[in-house]
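As C-alpha cells, here come the structures.
Here come two complexes built around subunit A, the first alongside subunit B, the second alongside subunit C.
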Partner chain A sequence: MSFKDKLLSSYIALEDYLEFDSPLHDVRNNAIKIFEEKGFPTKKEEAWKYTSLNSLLKPDYSVYSNKERNVELKNVRKYFLHEIDTYKLVFVDGVYNSFLSETTHDSLDVCLMSAALNKSKYKPIIETYFNKAAKSDSLTSLNTAFTKEGAYIHIPAHKEVEKPIEIINFSTGNEAAMFLQPRNLIVVGENAHVQIIERHQSLSSNEVLTNSVTEIFAEKRAYVDYYKIQNDEPTASLIDSTFISQQRDTVCRVHTFTFGGNLVRNNLNFYQNGEHCDSTLKGITIIERKQHVDHNTLVHHIAPNCESHQDYKGLFAESSTGVFNGKIVVEKDAQKTDAFQQNNNILIDDKATINAKPQLEIFADDVKCSHGCTIGQFDEDALFYLRSRGIGLKEAKALLMYAFANTVLESVKIPELKVRINKLIANKIGVSLGFQL
Partner chain B sequence: MTKYTEDDLKKELETKEYEYGFYTDIESDTFPVGLNEDIVRAISMKKEEPEWMTEWRLEAFRYWQTMVEPDWANVHYTKPNFQNISYYSAPNKKPKYDSIDDVDPELLDTFKRLGISLDEQKKLAGVAVDIVMDSVSVATTFKKTLGEKGIIFCSISEAIKEHPELVKKYLGTVVPQRDNFYAALNSAVFSDGSFCYIPKGVRCPMELSTYFRINQAGTGQFERTLVIADESSYVSYLEGCTAPSRDENQLHAAVVELIALDGAEIKYSTVQNWFPGNKEGKGGVYNFVTKRGICEKNAKISWTQVETGSAVTWKYPSCILKGDNSIGEFYSIAVTNNFQQADTGTKMIHIGKNTKSTIISKGISAGKSQNSYRGLVKILPNADNARNFSQCDSLLMGNSCGAHTFPYIEVKNKTAQIEHEATTSKIGEDQIFYCNQRGIDTEKAIALIVNGFSKEVLNKLPMEFAVEAQKLLEISLEGSVG
Partner chain C sequence: MLKIKDLYAGIEGKDILQGINLEVKAGEVHAIMGPNGSGKSTLASVVAGKEEFEVTRGYITFDNEDISELDPEERAHKGIFLSFQYPVEIPGVSVTNFIKTAINETRKSKGQKDMPASEMLKMIKEKADMLEIDRKFLSRSLNEGFSGGEKKRNEVFQMAMLEPKLAILDETDSGLDIDALKVVANGVNKLKSEDNAVIVITHYQRLLDYIIPDFVHVIMNGKIVKSGTKELAYELEEKGYDWIKEELV
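Let's turn to the complex of A and B:
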C-alpha cells in the first residue's frame, strides 16, 4: 500500500472521531479530496522542479501516535531558549505535553489547536481565520484534512506580549518512522506585538517526516517577529508551509535558520492585503553531507505602498543541495511597491549544488522591484589579507562566513536567540572565534 | 508645440498600426492543408531531396506525432490546428535566378517597400542577401565573392543537394529532431532556409543576411538555418523579418543551428517585426522558434535580437559551451505592445572549463501586453571557473501590462561565479524632470531614456543592422525614439 493510500484510509478512520456537524468537517473533506486528486508533488511540477520527495515517501510511517510519551526535561532543556523566560508549547510525537509547556489564557491565548477546535468560545475565531490564508496545494490540504493538534495563539488588540513564545515539536523515535502534521494558527490583533520561535526536533535516529502548516494573521498595525530554527537530526525531514496574511501598516518578519535535517522544504508565503505593509524574509542555510534544503518564498503584493525585503544566504558543503525559489508578484493595484530580493550562495565543495530561481511577476508600472542572485566562492583577496595578518586559513574562512551571514543575523531582535544562533553557526563551521555578531 | 507626455505616448502606442502590412499577389504552388506522411514525402520530393533526407524527415514526423504541445510558457493563445495548415508554398515562377534582372518585378517592388532595395544593397552595403519569400530562395547575391573565399552561402535545399556531406554531418546535431514539439515539426516539414559554411581560418568579409517573409495566407513557415563556422573562422549573420497584415493567426516554427568549431566566432543578429495583431489583439504571427548554438574550444557565439513583432513569441536562443574557454553571449530587446505576448530568453549550458557567458535582456511592455524573460544558466560539474553575468531589466508603460522574470540558475561546480540581477521600473518623473530642466522637451526625454535603456543591446548590432533596428523600435514605440 502506498503512503498516499495509507493516508487516505487513515482519514476514513479519523472521520469517526470528528466533529460531524461543524463546518470544519466540510473543510476537511474538501481538503482530502484535493490531496486525493493531486497526490504528493513530483518533480514535474514547476514548484518542485528541484526537490524530489520520492525517497521520503518510502518508509512505513506511523500516522498516529497512540501512547503519550514522556520526555525528561534534562534531556531536552538544551533545545529551549532556557536563558530567558518564555511561553512554551511543547508537542511530543504530535501530542501536547503539559509538563514541559507553559501556556496562558491570561489576557492572551497561548494554547492548543485541539482546544480551539473543540471549545465553543473559540468558534468565531476558528471560523474567521482557520484555513483562510492557506493555499490549497496538495501538502497543505493533507495537513488541513488531518488537523488535530498544534499551537493556537491569539493576541488581542493592543497587547504587547512580554516574552517570546516557543513552539517545539519533539519526536521520540518510539515508532520506527513517524509522520507528523502539526497545524498552527496565530492571530495577532490590532497594534499587538509578538515574538515566536518555532523548532522541530527529533530525539532519535529514526525517520521522521513532518508536514507542518502555520497560518499567521496580522491585523492592522500588528507586529509579528517569527524565527524558525531548523537544526534537526540527519534522519528528520521537514516540509514547512507558512502563510502570512497582513493587513494595513503591519510589520511581519520571518527568519529561517537551516543547519540540519535530511530534506527541508520551506514554503513561505506573504500576502499584503493592506497598504503600508512591511515584510521581511531572511534566512541562513549552512548544510553539508547529502542534505537538501529548498526555500520557496512568495511575496504577493496586493495593496499599494508596501515594502518587502528578502535576504537569503547559503553555504553549501560536501554533497549538499540548496534550492532557492523566490517569487515576487506585484498586482496591478499595488503601485509604489518597493520589493527587494537578494540571494547569495557559496559552494564550498565540488559536489555541492545550488539551484536558484528568483522570479518577478509584475503587473504595476510605478514600482521598484529588483532581485539579485550570486553564486561564488570566498574572495581570494580577502582571504589573503586576513592570512597575511597571521590568521589561519580555517579561521580566515570562518571570519568570511560570519561576515557573509551577518546581514541576516544582525536583524534578530532577541539577544539570547542571536547568541544561540551564533553558537550553532560556530559549531557548524567548526571554529569558535571568541566573539559574537 | 503641445506638451508631449507619457500618456500621449501610451495613446500613440496603442493606436499605432502595423506600418509594413501589405500582401503580394504571386501565384503560389500550395499544398493542400493537413499533415501526414504523404505530405512529408511530397515536400521532400518537391525539393528533389535524396533518400536519407526523406527518411530523416519521416523519423522526425513519426516522433512528432507522439509529442504533446507544450504549455509551460507564460503565454496564452488558441493552439493552432496543425491539420489546418498548408505545409508547402513556393513562388510559382522559375525557382532560380541567375541575376537580379530575372526576378519578378512585383517581388522586387515588395522589397523596395520594405526598404531593402536589392541592387542598392548590392552596391552600397556590401551585404549579400539571400531572400526567402515563402520558403523558396529566389535570389542570392555576392555568391561569387564569397565563393572565392570558399564560403558556402546558399539555401538549405541547395546545400542538401550540393553539399550533402556537410549537411549530413551537422544537421540536427545541435537541435535534434526530438528536441521539442516545434523542432520536431520543423524537422519534418521544413521547406527552406539558409545554409552557411565558413572554411578554416576564413574571416567572412561581409555581413551575411537573410530576410524571411510569411506571405501566403494560411501557410505556416518552417525555416531551417544551419551555420557552420570551421576552425578559427568568423562570420556575422543577420536575419530580419517583416510580414504582411493577415487576420488569421500564422504559425512560424523555425529552427536555427549554429556550430562554432575550435576558435571560431559566430555573431547572429535578428530583427523580428512580424505582424503583432491589431490593437484588439486579433490576428498576428505565432513565433515559436528553436535557436541553439554549440561552441567548441575557444569558440564564441553571440546572439543579438530585437523583438518587436509577433502576437506570441516563444524563443530562447541558447549556447552550449562545450569546449574549454568558449564564450556565449545573449543581448536582447523585446518590445511588446497592445495584446502581444513574449516569453523569451536564453540558456547558457556551461560544460567546458573557463567558459564565460553574458546575458543582457531588456524588456519594454506597453498596452495590455505581457513580456517575460525566461533563462537558464547551468554549470555542470566539470565546468571549472565558469563565469556568468546576467542582467534583466524591464520597463513598464502603463499599468495594464506585465513584466515577468523567470531565471533558472543551476550550479554544480564550486568554482563557478554567477551573478544575476533584475530590475523593473518605469520612466521616472525625476528623470524626465532632469531632462526638462536642461531644455530637453518631454518627447525627446522619453526617447533619450528608452534609447539609453536599450543602448547596451543596440550597440551590439552590426552597423548595417543598427539602422533597421532603430526603425523597428520607432514603429513599436513611435514618438519615444528620436
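Let's turn to the complex of A and C:
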C-alpha cells in the first residue's frame, strides 16, 4: 500500500472519533478530498521542481501514537532556550507532555489545539480563524484533515507577553518511522506583542517525517516575532508551512535557522490585508553532507503602503543542495508598496548546489520593489587579507561565514537566542571565534 | 632579515617578476618605486604569500629561513606585515574584533595564551590615539564604507597592533591628503626601531619626505634596474622614469 493510500484509510478510521456535528468535520472532509485528488507534490509542479519527496514516502510510517511517552528532562533540557523564563508547549510523538510544558490560561491562552477544538468556550475563535489563512495545497490539506494536536495561542488585545513562548515537538523513535502533523493556531489580538520559538527535534536515529502547519493572525497593531530553529537529526525531515495573515499596522517577523535535518522544506506565506503592514522574512541556512533545504516564500501585498524585507543567507558544503524560491505579489491596490528581497549563497564545495529563483508579480504602478540574488564562493582576496594578518585559513573562512550571516543574526531580538544561534553556527563551521556578533 | 634571490614569479604562466634581488636588514627603510605595472605590488604580494602567484625560480628567506613555501598566516606569524593598497571590506566584523582575532591567532601560533582583555584594550587605545583614530571608528565593520584615507589609516593601525618585524607598505600614501599622510608617516616612524625594517612601495616621492628611506630601488618590467639613496627619489620625481629606460638601452 502506498503511503497515500495508508493515509486515506487512516482517515476513515479517524473519522469515527471525530465530532460529526461540528463545522470542523466538513473542513476535514474537504481537506482530505483535496489531498486525495492532488496527492503528494511531485517535481512536475513548478513549486516543487527542485525538491523530491519520493525517498521520504517509502518508509512504513506510524501515523499516530496516542500514548503519552515519557522523556527525561535531563535528556532534552539542552533543546529549551530557558528552563523558567519561557512558556513551553512540549509535544512528544505528537502528544502533549504536561510534565515538560509550562503553560498559562491566566490572561492569555497558551494551551492545546485539542482543547481549543473540543471546548465550547474556544468555539468562536476556532470558527473565526481555523484554516482561514492556510492554503489548500495538498500537504496543508493533509494536515488539516488530520488536525488533532499542536499549539493554540491566543494573546488578548493590548497584552504584551512578558516571556517568549517555546513550541517544541520531540519524537522519541519508539516507532521505527514516525509521521507527525502538528497544527498550530496563533491569534495575536489588537496591539498585543508576542515572541515565539518553534523547534522540531528527533531524539533518535529512527526516521521522522513532520508535516507541520502554523497559522498566525495578527490583529491591528499587533507585533509578532517568530523564530524557527531547524537543527534536527540527519534522519528527520520537515515540511513546514506557515501562513501569516496581517491586519493594518502590524509587524510580523519570521527568522528561520536551518542547520540540520535530512530534507527541510519551508513554505512561508505572508498576507498583508491592511495598510502599513511590515513583514520581515530572514533566514540562515548552513548545511552539509547530502542535506537538502528548500525555502519557498510568498509575500502577498494586498493593501497599500506596506513594506516587506527578505534576507536569506545560505552556506552549502559537501554535496548539500539548497533552493530559494521567493515570490512577491503586489496587487493592483497595493500602491506605495516597498518590497525588498535579498538572497545570497556561498558554495563551499564544488559538489554543493543551489537553485535560486526570485519571482516578482507586480500589478500596481507606484511601488518600490528590489531583489538581489548572488551565488558565489569565498572571496580569495578577502581570505588573503585575513590570512596576511595571521588568521589561519579555517578561522579566516569562519570569520567570513560569520560576517556573511550577520545581517540576519543582528536582527534577532532575544539575546539568549542570539547567543544560542551563535554557538550553533560556531559548532556547524567547526571553530570558535573569540567574539560574538 | 629579508633576502630575495633571483626571484621569478607570475600568474597563469605569465612571469611578472623576472629576477628580483633584494636584501633588507634590520633597522633599514627601503623604498621601491616604479611605473604602473612594473611589478611593485606583485613583489609585495609574493613576499606576503598570496597563493595566486606562482614562484617559478629563486627564493625568499626571512631571518635565514626559506619562506617560499609558507602559508600567508605562517609568514604573518614570523613577523611579515603587508599594508594593502586596496584593503578588503568585511561587513559584519568590527575593526576591534578583527584585530583581537589576528593578535590572538598569532599568539596561539607561538604557544602563547590569548592577550588579556584589559591589556588588549589599553593597547588599542594607545595605538588609536597615536594615529588620531576616533574610538567610534573601531566598532565599525572592517573597511566597510571607509574612505580611502580611513582604510589606509586602519592598515597602519593594524600594523601598530601587530608590531611586525618587516612591514611592507603598498601605496599607503594613495588616497591620503597631506595631513593624513603626516599622521600615518609619523605612526610608521614611531614604530621604527633597530630591530625592524620597512619597505615602502610608492609612486611618488612625497611620502619619502616623511618616511626617510635608506635605499631607493626602481623596478621596471619585473626587475630592479637601479638602486640608490633617497636622492634617487628626488631625481625620479623631477625627471620621471624615461631617463632610466634610456640609460638601460
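Here is the rule we go by: the second predicted complex is superposed on the first by the 435 of 437 C-alpha atoms of A that agree within 3 Å, B and C clash if a C-alpha of one lies under 4 Å from a C-alpha of the other, contacts with A are read in each partner's own complex, and residues count from 1 in each chain.
By our rule, a contact is a pair of C-beta atoms (placed from the backbone, for glycine too) under 8 Å apart; a residue touches a chain by one contact, two chains touch by 3 or more.
Model, not experiment: these values are computed from the prediction.
Peer 1: In the superposed arrangement, does A:400 touch subunit B (first), subunit C (second), both or neither?
Peer 2: Once the two structures are laid over each other on A, A:400 reaches subunit C alone.
Peer 1: Does the superposition put A:356 against subunit B (first), subunit C (second), both, or neither?
Peer 2: First partner only, subunit B.
Peer 1: After the superposition on A, what does A:34 contact: first (subunit B), second (subunit C), both or neither?
Peer 2: Neither: A:34 stays clear of subunit B and subunit C.
Peer 1: May I ask you to decide whether A:374 touches subunit B, subunit C, both, or neither, giving the answer as first, second, both or neither?
Peer 2: Once the two structures are laid over each other on A, A:374 reaches subunit B alone.
Peer 1: State whether A:177 touches subunit B only (first), subunit C only (second), both chains, or neither.
Peer 2: Touch partners of A:177: none, neither subunit B nor subunit C.
Peer 1: Which of the two partners, first being subunit B and second being subunit C, lies in contact with A:364: first, second, both, or neither?
Peer 2: Only subunit B is touched by A:364; subunit C is not.
Peer 1: Contacts for A:391 in the overlay, against subunit B (first) and subunit C (second): which applies, first, second, both or neither?
Peer 2: After superposition on chain A, A:391 lies in contact with subunit C alone.
Peer 1: Applying the touch criterion given at the start, work out whether A:348 contacts subunit B, subunit C, both or neither, answering first, second, both or neither.
Peer 2: first
Peer 1: Pick out the shared contact residues on subunit A: the ones touching subunit B in one complex and subunit C in the other.
Peer 2: Touching subunit B and subunit C on subunit A: no residues.
Peer 1: Help me check something: in the complex, which residues belonging to subunit A touch subunit C?
Peer 2: Listed in rising order, the residues are 379-382, 384-393, 395-396, 399-400, 402-407, 410, 433-435, 437.
Peer 1: Help me check something: in the complex, which residues belonging to subunit A touch subunit B?
Peer 2: Interface residues on the subunit A side: 46, 50, 332, 335, 345, 347-377.
Peer 1: Applying the document's contact rule, which stretches of subunit B touch subunit A when the two form their complex?
Peer 2: 72, 381, 394, 396-426
Peer 1: With touch defined as at the start, can you tell me which subunit C residues reach subunit A in the complex?
Peer 2: 45, 48-52, 71-73, 75-77, 81-82, 84, 87-88, 90-93, 97-98, 100-106, 109, 114, 141, 158, 162
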